[in-house]
Structures are given as C-alpha cells and as structure tokens.
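Step one of this worksheet: look at the structure below.
Per-chain numbering from 1; labels A, B, C and D assigned in written order.
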Amino acid sequence: MQVVVDLCLVPLGVGVSVSRYVAECHRVLLETGLKHQLHAYGTNIEGDWDAVMAAIKRCHERVHEMGAPRITTTIKLGTRTDRDQTMADKVQSVEEKLK
Amino acid sequence: MQVVVDLCLVPLGVGVSVSRYVAECHRVLLETGLKHQLHAYGTNIEGDWDAVMAAIKRCHERVHEMGAPRITTTIKLGTRTDRDQTMADKVQSVEEKLK
Amino acid sequence: MQVVVDLCLVPLGVGVSVSRYVAECHRVLLETGLKHQLHAYGTNIEGDWDAVMAAIKRCHERVHEMGAPRITTTIKLGTRTDRDQTMADKVQSVEEKLK
Amino acid sequence: MQVVVDLCLVPLGVGVSVSRYVAECHRVLLETGLKHQLHAYGTNIEGDWDAVMAAIKRCHERVHEMGAPRITTTIKLGTRTDRDQTMADKVQSVEEKLK
C-alpha cells in the first residue's frame, strides 16, 4: 500500500528552536532513500506504508536520542486504491485547474 | 516505545456520511485490545508504537475493503522518554490545574 | 456558519510540561461560553465560526502572555451545509453503527 | 500577530477528486494577496492572524458554494513573540543545519 504523508515533528523540552531536530529527521529520510520534500510547516514523504512508518518511528527514536524528552507529531496520510498518485501528481493536479 | 495517538480517518468518494467507516475502525481497535476512546473529532489510542501503527494500517485496509477508494487521515502522536503518561494522565494533568 | 473544531495548542520554549497552558485555554473557553470538551489529545469546541476562531486567537494571546515565546497548534475543523451536527451527534452517529 | 499556517481543506460528498476545490481555494488566496505556497499535502500561508483566518473562512464558504455539503480541514498554525519568522525562514533554518 503506497502512502503520501505530511510529517511535522515537534520536540518539547528543548527550547524554542527546533530546526536542529527537523534536520536530523531529514538525515533519517535520506538514509531510507524515500522520496521526500521539506516545506515551511513539515515534510512530505511518499513510499510504501511500512517503509514510511518505519522512517517516522526512526525519527522519533533519533530525536529522543538527541535529548528531547517529549515529542508531539502531526501526520497527514493519504492512501488510494483507485489509482497511483505521487506527491508531484497531487501538486500538478491542482495547478492544472488553476490554468 | 509507548505512544498516545489521536486518529481521524476520513474516507473520500463514499458520500457525505462517514460514521459507518469510523465504526469499522472501532471494531478493528476492539480486535487489537488497545485502549481507545472515541471523541467528537477522532479517536484516542494508547499502546506500544508498533501495535498502534499496525492497527492504523489495518483501519486503512479495512476501509478500502469496504469500498472507499481514497482515505485521508490526520494523526497526532506523542512519545516521551522522561516518564510514562497514559491518556487518562493527560486529561487529569490539565484538570488538576483547573481546580 | 457553525463549526466543530478539535484544538491542540502546544507551547514551545517552556519545558516539557504544558498542562498549565492547556488549562489556561480552558479558562478562555469557559469565558466564551462555547460548548467544549477536553480529551486526551486536544479539546473539541462547537459554535459559530467567528466565535470559535476568536476564542482560538485569544488562547494564543493568553499563552504568549503567560511567557511562551512560540506556539504550534493543530486544528481540525468541520463545517456542513446539508444539516446541523453537534459534537454529541458525531459521537452518537458512530456509536449507533457499533450496536 | 503574524502567523504561519499549513492549510489542508478536504470536501466530502463530492467524489474522489478534490483538486477542483483546492484550486478554488488558491484563487481565494490570490485575491487576498497573502503569501502562500502549494505543496503535496496542503498549502502554506503567512500573514496577519485575522487576514489569514478570514481567508480560510472564505475558502470554506466558497467550497460550500461550489456544492460540497461537508468540509473537514486540518490546519497547523504557528505564532511566536521572540522574533519574526517567515515561511522562507523556516525552510532555510532547517537547510542550514543540513549543510
């Protein structure tokens, strides 16, 4: 089952700046080889359900290892059985309607 | 790793009423034995990360099997290493400050 | 326009415990008279769009006034034109399917 | 109060394809002059709290006018009092840590 995810991980108890932790999550995603794209309020990821979920778990583990005692994460997550749809397809589909 | 989750699964392409699908997710959760609690905009679940994530995947599979061609899900997900915290603890912690 | 909302406000830069800030948001909601219900990963609110949004803004202002330099909030928000639906209706609608 | 928002509006009861409605929200945002950026699972918006919230309300109204009887929206919303931070700043802050 393919999934497109929007991941927004927020470490608590580490002060006001969290970019160091978000960057570490990107290193985790790079290690997995999953296609992903940073945006201003999260990171989009696409791939097989199990691979994406394993990557998100690894992000939590890594951020805790960096010293964050608490994490709250918001995930949006889409699956469909009628057809394949990538992150690029989703953006393109909207942009075509804007022409 | 223990996790507290807020799950809100929304099937698309099945009309305006989605309660039948949400109810099926509750049957999935009952089958797993995970502690969970329905509220007006989702369902809270607590348990081991892998067990909770397997349950959420099973919800997607089941709702697709029921005929929904597309699902968009919003998840909030909390982990902490400083101490254990259940769903009941979280509510109680706020209510104590309100006294 | 009536709205049902799930609000989860997270202050950053104030340490690992956030229940004091969540409790303050509940005081804000009590002042507004809006119907609301705390759960383990947020607070559900129902009412007129403008009144609910004004309350959420007031929560942000109040939590900043308490000293939190940064806030990240996740909101789920539902509107419908086909019929009225309260928070209680939404829960009941699922529970009926579970019988 | 400045805010950075991630908006993901999902119309229900209009079939499986929702890009037509997302495109209409982009027209609403273009009319407002607010800075915004489409991504694969939502749209980021930055600006004054009241202006951004008025735009989101207008999106709901417009999508209902297009015939969608029900909408569920997920919003992430960040404010800070310690310093100004734009959408571009947030991305840059993470990218610098990745160098």
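Basically, a contact is a pair of C-beta atoms (placed from the backbone, for glycine too) under 8 Å apart; a residue touches a chain by one contact, two chains touch by 3 or more.
None of these values were measured; they are calculated from a predicted model.
The chain with its Cα centroid farthest from the Cα centroid of chain A is C.
The interface with the greater number of C-beta contacts, when A-C is set against B-C, is B-C. A separation of 19 Å divides the Cα centre of chain A from that of chain B.
Chain C has its Cα centroid 25 Å from the Cα centroid of chain A. Taking each chain's centre as the mean of its C-alpha atoms, chain B lies 18 Å from chain C. Contact with two or more other chains is made by residues 13, 16, 69-70, 72, 74, 76, 78, 80, 82 of chain D. Interface residues of chain D facing chain A in the complex, by the touch rule stated above, are 4-6, 8, 16-17, 19-20, 22-23, 26-27, 37-42, 44, 46, 74, 76, 78, 80, 82, 87-88, 90-91, 93-98.
Looking at the complex, you find that chain B touches chain A at residues 1, 13, 49-50, 53, 57, 60-61, 64, 69-82. Every residue of chain B that touches chain D in the complex is listed here, in rising order: 10, 12-13, 15-16, 18, 69-70, 72, 74.
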